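Look for chain A in each of the two complexes below; its partner is chain B in the first and chain C in the second.
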Partner chain A sequence: MIAPPNLEIAVLILGMLLLMFEAFMDKIDKRVFAFAGILGLTTVLIGTFYLAPVPQIDHASGFWSFYTADPLAIFFKRFALLTTILVLVMMIDYAPTVRGSVAGVTVQAGLGEFFALPILTCAGLMYIASAIDFVMIFVSIELVTISFYVLVSFTRRNPLTLEAGVKYLVLSALSTAFLVYGITWIFGVTGETNLDRITAALANSNIDQTAMLFGAVLVLVALGFKIAAVPFQIWVPDVYQGAPTPVTAFLSVGSKAAGFVVLLRVLRPFLMLPKMDRLLVVVALLTLLYGNLAALPQGNLKRLLAYSSIAHAGYLLIGVACFDGPAVTFYLVAYLLMTLLSFAVLIVVAQQAGERITDFDGLAKRSPFLAFAMLIGMISLAGVPFTIGFFGKFFIFYSALAHHQTVLVVVGAITVACGFYYYLKVVRAMYWRPAVKNDAIPVSGLSRVVMSALIVAIIWFGVYPEPILRALQPPSGQVAMKSAADH
Partner chain B sequence: MSPFLFWIFAGLMLVFGAGVVLNRNPVASALSLVVSFLGLAALFMSLDAYFIGIIQVLVYAGAVMVLFLFIIMLLDLRAEKLRKINWLASAGGIAVAVALSVQILYVIGNFRFSQQPFPPLARSTVDDVHHVGSLLFENYNLPFQIIGVLVLVATIGVVVLSKRELR
Partner chain C sequence: MITLGDYLIVSGLLFTIGFAGVMLRRNIIIIFMCLELMLNAANLSLVAFSRFRVDAGLPNYNAQVFVFFIITVAAAEVAVGLAIIVALFRARQTTHVEDIASLKF
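Let's look at the complex of A and B:
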């Protein structure tokens, strides 16, 4: 039996050990560190299934007023670990590209840090999942953001990457400023940073509602930046396109999921504030429309996935606007599987051909396996039945209907149709266009295994979503949110 | 403290803060920032937060700014050329800034605490440093440890991104 806080400590020690060994063992193949990282994180992932129950002690002060190990936290810790493992697998495939765009004297210069940083980021993501205090939320979000600053601009010889790095740094720092300013307002009104105690303070009618709403909206601005909601999405296309592709995948899954966990936790006390739900509905509508419409004309697959990531933030926000924690969580799992599968294929193909959609022409003839993997990723992102993406959208729309949010459902359905167009554009290129070259694209054994596992997971959970739904029991999010919404 | 002193220091901060942006000579910008930091330190002092005030002077006005000046000297930065101003973009920026300021003013105007003076703080028996230290290492130990990891990540990042040739 493992105490929950030991999970993060194990991940941190793993990351530091890798850095240490990397510094002293410069003769060996650096991909060993990635494999060691994958192995270590898998061990921790298995460890999450043997957790000791949280001791029932006074939650008023000390460690447990910052850190929780409720089912939502544990679930997102597994989510972060799985994401990081898959990203490390992608990074191994991406290593040759890093070689060309990092200033180094040796062939594998910088790869050690490239493999070790995501592990430290993963610890940050796990801390975010457990954070129930604004101080803790701020510190762990910063840990994640700062490691992303480095990762995004890692291949700094590439001018696009440099541009992405600068844009991410400046805009992310701005959003951090909004977060801190919002937290100070909330602290100024309630005198508390702990979310439970803020909830208790808000029940007191003596609270200044306007000031509280102002603070809450400022915090929402910062989180909107993290989850790429309109109008805070300006950075997304350029940063996603310029960053090294595995980092883009990490950013679009890990960072976004972290933003949604914090959103679910932070919104709980603020739901009592007036007009909060209407604000969320408006943001969700804008995000849906912008993400899907802007994705239509894209010719670069990486940029297309960037806009698609905005669009999916819109669907997730529908769930948030209906305060349906389990539906949001399920959608995030679906999003993880299908997005990481698409990025994994993109990395392999981009090394041989390129990242434009026309580079995928005739992929079905060149490498049927890669084309099939991409096909599954794309139709799941579009939301075709018998894939997990369908159930994700189904639960979200179901919950929107249950809350009588008809506008959201109608706009959602229209944008899903848009999605079919641009996702199937990739499928058409792969299956109906003649190939320029005919040589097969090589896939490493590990990637092949991982891609097959993702394909199986997408179809399996698309037919039988029960295991994920059961993992979300007891529905901590829903019960808490429902009771908050009823107030 | 007297509101008179508050307005002097706040005004000083704003003027020199604007100076950081408006000056075209980087050394002048950096020195304006020092004055702005000193004004902030004075505000902290006037709020009885002596420790934070002194740290503000030591760390920001002292260490960080010396580092800035060193970098400016080493890189031999010249005065910036006057750029063509994109009027549409600046108008948009100003509009957003004005909208935000109006909102902040409205919220502060309605803020209940802003209509009455805060009660004075209770005189504590231990000194500031002791107080901050015990809070950091007892209550806020977990966030403090995470900041340790954060600094480690930042250090690795600086090495990776700035070293001329990696190994």
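Let's look at the complex of A and C:
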């Protein structure tokens, strides 16, 4: 039996050990560190299934007023670990590109850090999953963000990457400033930083509603940056396009999921404020429209996936606006599987051909396996039945209907139709366009196994979503969401 | 007598100046300084809120501890941020935002 906080400690120690060994072992192939990281994280992932129950102690003070190990937290810890493992697999494929774009005396300069940083980021993501105090939320979000500054601008010989890094740095730091200032005002009104005690203080009628609303909106602005919601999405296309592709995948899944966990946690106190639900509906509508419409003319697949990431934030926000925690979580799992599959194929193809959609012409003839994997990823992102993406959208729209959010459902349905157009554009290029070259694109064994596993998972959960739903139905998580829905 | 309101006005001014600087200035180093200004505005109001919320004769120290976290995180952010800006300067010989606009449609 493992106490929950030990999971993060184990991940942190793993990351630091890798960094230390990396500094002293120049001779060996640095990819060993990626394999060691994958192995270590898999061990921790298995460890999450053998957790000791949280001691029933006073949650009002001390460590447990900052940190919770409720089912939502445990679920997102597994989510973060799985994401990081898959990203490390992609990074191994990406290693040749990194070697070419990092300045250094040795051939393998920079590779060790490239494999160790995601592990430290993963620890940050796991802390975010457990954070129930604004101090903890702030520090863990910053752990993730600062690691991402380094990762995004990692291949620094490439000017586009550096530009993406600077853009991400400035806009992310701006969102941090909003977060901190928002927390300040919330503290000023309630005198608390713990979410439960803030909720309790808000129930008291003689607090200053306007000042509290100001603080809450500032915090939501900061979270809007993290989840790429309109109008805070400006950084997304540029940063996603410029960053090293595995980092883009990590950013689009890990960072977004972290934003949504924090959003689900802070909504409970915030929904006691007036007009908060209407604000969320408006943001969801704008995000849906912008993401899907801007994706239509894209010719660069990486940039297309960036706009698709904004669009999916819109669908997720529908779920948030209906306070349906399980639907949001299910959608995030679906998003993880299909996005990481698409990026895995993109990394392999981009090294041989390029990342424009025209570079995928005739891929089905060159490498049928890669084309099929991309096909599954794309139709799942579009939401074709018998893929997990369909069920994700189904649950979201179902809960929107149950909450009588007709506008959200109508706009959502229209934007899904847009989605079909731009995702199937990639499929058309792969299957109906003539190939420019005919040589097969080599895929490493590990990637092939991982891609196959993702394909199977997408189809399996698309036919039979029960296992995820059951993992999402722990008693206390339900109660938390219910009480949020009641307000 | 200086009241809580006075501190909040100063802090609000600092935050606005910082935000305006981020939006209007064109040099990345200055933008970065303005970001720090915004964080310090939050620090100032946190300390003020802490000082003026007296429980049992003592100020609420939670906010003051939070200020230390913010200072530490801001220092880490500056360390990484300046490194990225230096790398950018080496690659492009510029820290002007209008010169780094090659990522577009």
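Quick note on the criterion: the second predicted complex is superposed on the first by the 481 of 487 C-alpha atoms of A that agree within 3 Å, B and C clash if a C-alpha of one lies under 4 Å from a C-alpha of the other, contacts with A are read in each partner's own complex, and residues count from 1 in each chain.
Simple rule for what comes next: a residue touches a chain if its C-beta (ideal position, glycine included) is under 8 Å from a C-beta of that chain, and two chains touch if they have at least 3 such contacts.
What you see is a predicted model, and the numbers here were worked out from it, not measured in a lab.
*Asks:* Answer with first, second, both or neither: which of chain B and chain C does A:Gly242 touch in the superposed model?
*Replies:* second
*Asks:* After lining up the shared chain so the two structures overlap, which partner does A:Phe35 touch, if you call chain B first and chain C second: first, second, both or neither?
*Replies:* The answer is neither, since A:Phe35 touches no partner chain.
*Asks:* Once the structures are superposed on A, label A:Glu142 by its partner contacts, choosing first (chain B), second (chain C), both or neither.
*Replies:* Both partners, chain B and chain C.
*Asks:* Determine, under the contact definition given at the top, whether A:Ala177 touches first (chain B), second (chain C), both, or neither.
*Replies:* A:Ala177 sits against chain C, while chain B stays out of touch.
*Asks:* Go through the superposed model and pick first if A:Gly188 touches only chain B, second if only chain C, both, or neither.
*Replies:* Both partners.
*Asks:* A:Leu169 contacts which: chain B (first), chain C (second), both, neither?
*Replies:* second
*Asks:* After superposition on the shared chain, which partner residues are touched by A:Ser153: those of chain B (first), chain C (second), both, or neither?
*Replies:* both
*Asks:* Check chain A for residues that touch chain B in one structure and chain C in the other, and list them.
*Replies:* The answer is residues 135, 139, 142, 146, 149-150, 153, 156, 185, 188 of chain A.
*Asks:* Name, in rising order, each residue of chain B that touches chain A in their complex.
*Replies:* 103-104, 106-107, 110-113, 138-143, 146-147, 149-150, 152-154, 156-157, 159-161, 163-167
*Asks:* Mind pulling up the chain C residues that touch chain A in the complex?
*Replies:* Within the complex, chain C touches chain A at residues 8, 15, 18-19, 22, 28, 31-32, 35, 38-39, 41-42, 45-46, 49, 53, 60, 62-63, 65-66, 69-70, 73, 76-77, 80-81, 84-85, 87-88, 91-92, 100-105.
*Asks:* Report the residues of chain A in contact with chain C in the complex, numbered from low to high.
*Replies:* 134-135, 138-139, 142, 146, 149-150, 153, 156-157, 159-160, 162-167, 169-170, 173-174, 176-177, 180-181, 183-185, 187-188, 191-193, 237-238, 241-242, 297
*Asks:* Which bits of chain A are touching chain B when the two form their complex?
*Replies:* Contact set of chain A toward chain B: 12, 16, 19, 26, 61-63, 66-67, 102-106, 109-110, 113, 116-117, 120, 123-124, 127, 135-136, 139-140, 142-143, 146-147, 149-150, 153-154, 156, 185, 188, 208, 210-211, 214.
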